[in-house]
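Below is the structure I would like to discuss, written out as structure tokens.
Letters are used for the chains, namely A, B, C, D and E, taken in the order the chains are written, and counting of residues starts over at 1 for each.
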Amino acid sequence: MDDKLFEILEFGVYGASILLILIGLYAVLTKRSLIKIVIGMSIIDGGIHLLLITIGYLKGGTAPIFSPGYEEAAGQMVDPVPQALVLTAIVIGFGVTAVALSLIIRLYRHHHTLEIDEIKRLKW
Amino acid sequence: MVGSPVLLIAIPLLAAFVIPLIGMIWKELVRIIPGLVLAYMLILSATLLYYVSQNGIIVETIAGWQPPWGINLVFSPLTGFLATLMSALGFLVWLFSYRFKRNVDFEPAKKYFIFLMLLIAGAIGIVITGDIFNQFVFIEITGISAYALTAFYTGRNSAEASFKYLMMGALASSFLLVAIAILYSQLGTLNMADIASKMHTMNPTYKIIALIFFITGIGIEAEIFPLNGWAPDAYTEAPGPVGAAFAGIVVKAGVYAIIRMIFTLFDIPSAYDFLIVIGLITLIVAETSALRQEKLKRMLAYSSIGQMGLVIVAFGIGTHEGVFAALFLMLNHAVIKPLLFFSGSSLVFNSKEKQIAEMNGLGKRMPLMAAFFSLGAFAIVGLPPFAGFWSKLSVLSAAANEGLLLIIVLILIVSVIEIVYYFRVVNRIFFQEYSREKSAAPHRPRVNALVAMFVLAIAILVIGFYPDAVTGILHNASKDLLNTDEYINNVLQLGQSLTR
Amino acid sequence: MIYLILIFFLLILMLGAAVYAVVQKDLLYAVIATGVISLVLTAIFYMLQAPDVALTEAAIGVALTTIIFLITIRNTKRYEDDYNKKDNLKSPLK
Amino acid sequence: MNTIILIFIIFLGGAILTFLAGMLKGILKEVLFLASVFVPVVLFFTNISIGQTFSFQAAGFAFQWGITPLSYVFALIVAGLGLMAAIYAVSAMRNKDNVSFFYFNYILTIMSMLGILFSRDLISFFIFWEIMTWSSYLMVVYQGKDVQTVGIKYFIFSAVGAYAMLMAIVVIYSLTGSMMIDSLIQSFPGFSFNMQLLIPILLLIGFGVKSALMPLHVWAPGAYSHAPMAYSSVFSGALSKMGIYGMVIVMVSLISHIPGGHWFREVIAWLGGITAVMGTLWAIKQDDAKKLLAYSSIGQLGYIIVGVGIGTPLAMMSGLFLAVMHALFKGTLFMVVGAIERQTGTSNLTEVTGLIRKMPWTFLAALFAIIALAGIPPLGGFISKWMLYESLIGSNHYLLVIVIFFSSTAAFLYCYKFLFGFFLGQEETEWSHVKEAPAMMVVPMLILAVSTFVLGVFPGLILNPINEAMQTLGYANTQGHLWELSIIFNEWGNQIAMQPIVYTIIGIFLFFLTFLTIKGYKETRYVTTKDISSSGEVPKEHENLTFSMNFMQPFFRAVEPLMRRQIDKYYTGFANGMEALFDFTRRIYTGNGQTYAMYVVIFVVLLLLFKNIIFG
Amino acid sequence: MKKFLVILILAVLGFHLFAAFSGLGFGVTRFEKGVKDFYLEKTVSELHVANTVTSIVVNFRGFDTLGEVTVLFLAVSAMGGILYKRRHHAGDRSVLFSSSSIVRSGSKLLFPAIILLGVYIFIHGHLSPGGGFQGGAIIATGFLLMLIAYENFSVSHNTLSYIESFAGIFFVVIGLLGFMNGGTFLQNFLPAGILNNLFSGGVIGIIYVMVGFKVAAELTGLIYTILHEKD
């Protein structure tokens, strides 16, 4: 039963993370509000982080932290590398989001709108 | 041994952290220190390049772990050449903008120099790192500095340009992460050499999907055609020297990243043809868009994109001659385009809209700037005896050697278009009447800016009259890029190891 | 067993929140929904044996990201522009 | 140091020094300018011998400079005309703005033309070709008129030509692995047929542009007439001959090795013939003397191309000889127009009249040049035209003979228009203050004019080098001893006895000259143009009734269908269409960030969908 | 119309993405020669660090972390630059809501606890889950709470700047000190200590503390900057 569920879960987790990416992309591509677009970006980020963590997961594995007496437990640990990558990626993503939001504030200051298709003074 | 490649990254980062502190003591240091750092980077990378050309590739490990496990930096003839080029250009950009915002507030100036320094450090990091995730981090460093520099002027357009750039950049980093995820899930490693050595074991389907995401992610930085919407806007709205830095430094790093992927990491031969096609499309679309451009910097931006397209075509030829030609083009573009940006932004310095039409008759008012601009224009369209000619010739002869006659025809047609729009500007500057109402008011550039431009102009003339001054380095670099096995061996067995 | 079902539940919750965040015209609600995504992600990360990431996501994704979004909305505007035109009646706040 | 490299160093250094000296006051820049043209030319005449070479390596290519008999002939044109025009220019350009810029480009042009002739490899050929192009371009736009139309047009055509040539060069390089012209000539017969067709066509496009061959000639009228006249004499006289020089090499050394290459020759010759006719017709119609000379240049280059294209020994000789003669008389004529423009302020034939008394020396130079141009013995033009007819008839190109004959008859019209318009006719009060041009302008003109006469009487002076050049190209020795003396007092080889014809023509001409002169001096009624009444109608005040106005109107009514279609319009239409298209396509950069993001996703999706095709 | 097109495109994208990951398997041991086994082994045997993620983040891939804190530093600077107004007058803070006294006193009570938690987390980064980033972010959350609850609570910009700069400088300098004894950048030059002791892992703990300070200062500064963006 667990194994069967686990197989479904495989599709579920990968599928959910990819769906998250797609939903974010949908927001980026169709939503006209700048804030929505940034929300979309952070949803994409979330999806990718989940994807990376899922890649590193090991069935029945433990967190990659050695507790006293279990120094030989490396074989049952989940992959720590994607976790390290995600740690970095989260912080970077946050930095980018922050910059994006401050740009939005400034755009609003000048344009008094958040519609992306009204902010196109630079073209061709 | 004069130093290690890691200092090329560590020193600017250290300086970036130091500057806010030291700015509280003496404000002028905020301007001086980045220059010193960039000069140091230039000297260091040049010395290392010389060392490498004598003793072979340097592989620097970080935190003492051997390459498949630890992050490593690779300073080879190719990466060394690019790093030297970037730091030299970075120094010139610093020199040009040394008195930038001199009389305005202190805060923006401080940030400007920090961003500029980190932009260059990030670009060098992209080039010399040997680890894909580390490359991603450097791409982000470069990216955020670039967004900030684009939004540097407080007008409304700069924020718009910056936001577009950021949107594309965020998409790029997402795609890159997906690609990294695919590669890691298949090969369990992040080291470029390790990936390259294991690539043949990977299922071709996954391989191709990973490559596609890589190309898209980095292609946004490298300005290949459908992904370069941000570029004209960012170049237009960023301050002039920053446009020069984008054209000369950031794009080069992006192109390098794509090339490293296709030449070294992925063993997909048809990717070369793809490079040719996409490069040609980029070239044609960009150059034709530049034809009717009304704004100077935007025209330069399209021209820059077009040149990068040409570089990618040349890389796509894939032979030694092709790679040599591409590197030569990169070098020339890195020398010429900053000169155009510097002199162009000096010419329209006092104009509000930065229109080309406002440059009428400025040749008589600002003869030196106009002469520099014309020199750049002559060189970039490939007129002998200036620098651009040799690279154009080598691209064409590389293509001819492979029998790609259609490509030659297309490149030449596009060159004619390029001539048209550059010469229209030159004509305006020199041979049309200055009108007090319509033309921009003359502006007298400072000595530091003049020196920066002189250096570039002299470089153009030197390469033009004596191309052998650089061809040796370029041949070494192209050999290095094409020799994948040697790269893998050197990195994995720590070729010229840095243990002392 | 419960563990697996819980993950399923969380995944669905997360996707639901994501859809809500994208569809909702009131940006305030959308931002809160984004926070919910992060919150659920934190739980999933924890269940996938990544406590470090979970902690980071909790602090940065849930708290800080949400708050800077909120401040931005505060400084700009709360609704998408077509909010008043179409979805007037559906508005939860009217 | 090698003389060859020394020549170029002096040129280059002289150009830069002259340019820098332009910042100073005084005549330093003039002195430097003359020195940096004069010294290398003297070095060329004294120290350069045929066959001397200089080789070096750069950027992975082998370079070789040296002079061949053929290029020596052309170098004579360049050096001689360059020197004369330089002397002329010093005086003509006095008091203009940016003179040092003019000098700079002038020296560079002379240098690059000599460089083209010196190049034994294609790379340095191309480099000098391009330097010539852009320095001449800077001269075309130098006066600041119509730079965005005329200047750009010139440069576009030059660039198209140069890039066609560049493509040929890289293809040759990929095929032979060498950039040497000699190795190209050696290995050309071994190329595949496609390449044998492609390479000459590309090269001919390149050379055709510079020599104003018919569909590629549209830049020429504007460019010739917009450059300063001191430069136009070199531009039309010497620079266009570089195209001829290249064409000679292509026609003789390459095309003769193609199976069916004679069709090539026919096409080129016919294009030349059409060029000659159209150039001449358009020249007649011009009221501006500069434009007139520009079109006349196109027409004359057409003759040369016919000669080169036919390629029989006599035709080739006539083409080369006409090239030399054209340089002399067209150089003179441009200088004459320059002098008149300087003295009167305009070069319009309908405004300036009756200058014969005011500028007698200029008139004399113009007279010689016009006679030479029209092909009247005993001046040089006659010989070349005669040889051309001979060769055309000899090679059974009767139709082409008619074409050429028509155009050379029509050429009389513009010659007459030019001479009469400026110098004869009523002397208007408006021009009563006009003085003769300064000696430094008149003397070069006269020297060139006299040399047309000398070469007409003693064609052997130039035909001997041409004969040598043709021998190195593979032609048989063309009865060299016959050319030692003057043509008038000798028999024409085995051709028809021509003394009677020659003497008759000379007699008619002398009569005509005497008549004109007498008429000019004795029978001129001094009334202003405005006083003429035609057919009893009193003309309105503003009506211009000078001689040149509506010159040969009935004739044009007859040939109008020929002239209605201007190729220029097609080019302009094409260019405008392309610009409109590009203006439309650049709208893909919509300015909307979301669209750009959409492009990214579409890009990925397309790649993913077609991944097996693209990367498969 | 556009939306359907987008959905169609995204469906294709999603299909291929899924194809790239579906064959992977979930929760299986995937590669024998991957780098992770080396990390798991060396982190215990050489670095004596209990938390493998920490050892990777700070040591094996420490260069990434250096880049990452730089990114954060850049982001904060960029925000400052982007939102810069010439006449910058601090104190005009956006008010998210007018806080009641319960919120205020609650915040005041929670604040030291949050700070303490953050400090604990980044000090024990090499032993337990968490570390510099997490701790720093938590501390920033504490400040955020105070900034929201108290309209007149302010943080000295200069202090933040000092902390940020010094922490960054220390990070790089510790990295450069790795060159001692013929080592490389960021190499551990201190004794590794005993596994699961507070003083273990050599420089890893120190670096992570620096990262903690830096991240805390940067995130606080970031929030401070954006909060003061009221028009």
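Worth a mention:
Here is the rule we go by: a contact is a pair of C-beta atoms (placed from the backbone, for glycine too) under 8 Å apart; a residue touches a chain by one contact, two chains touch by 3 or more.
Everything quoted here is computed from the prediction, not taken from an experiment.
Separation of chain C from chain D in touch steps, taking the shortest path, is 2.
The innermost chain, defined by the distance from its C-alpha mean to the mean of all protein C-alpha atoms, is B. For the interfaces A-D and A-E, the C-beta contact count is higher for A-E. Per-chain CA centroids place chain D at a distance of 74 Å from chain E.
Chain B and chain C, compared by their mean Cα positions, are separated by 39 Å. Spacing of chain C relative to chain E, judged by their CA centroids, is 21 angstrom. Averaging C-alpha coordinates per chain places the centre of chain A 12 Å away from that of chain C.
Residue numbers of chain A whose C-beta contacts span two or more other chains: 6, 9, 13, 19, 21, 25-26, 28-30, 32, 37, 51, 54-58, 61, 63-65, 77, 81, 83, 87-88, 90-92, 94-96, 98-99, 101, 103-106, 119-122, 124. For chain D, the set of residues touching two or more other chains reads 586, 589, 591, 593-594, 597-598, 601-602, 604, 608. Contacts with at least two other chains are made by residues 50-53, 56, 60, 64, 68, 71-72, 75 of chain C.
Every pair of chains that touch is listed here: A-B, A-C, A-D, A-E, B-D, B-E, C-E, D-E.
If you check the complex, the residues on chain E that touch chain A are 2-3, 6-7, 10, 13-14, 17-18, 21-22, 24-29, 34-37, 39-41, 43-44, 50-53, 56-57, 61, 64-65, 67-68, 71-72, 74-76, 78-79, 82-83, 128-129, 133, 195-196, 215, 222, 225-226, 229, 231.
Per the touch definition, chain E reaches chain C in the complex via residues 51, 53-54, 94, 96, 121, 129-131, 133-134, 137-138, 140-141, 144, 148, 219, 222-223, 226-227, 229-231. Residues of chain B that touch chain D in their complex: 163-164, 167-168, 171-172, 175, 208-209, 211-213, 215-216, 219-220, 226-227, 229-230, 232-233, 268, 270-271, 274, 285, 288-289, 291-293, 378, 383-385, 389-390, 393-394, 396-397, 399-401, 403, 405, 408-409, 412, 415-417, 419-420, 423-424, 427-428, 430-433, 466-468, 471.
Chain contact summary for the complex, chain D toward chain E: residues 598, 601-602, 604-605, 608-609.
Residue ranges of chain C in contact with chain E, taken from their complex: 50-56, 59-60, 63-64, 67-68, 70-72, 74-75.
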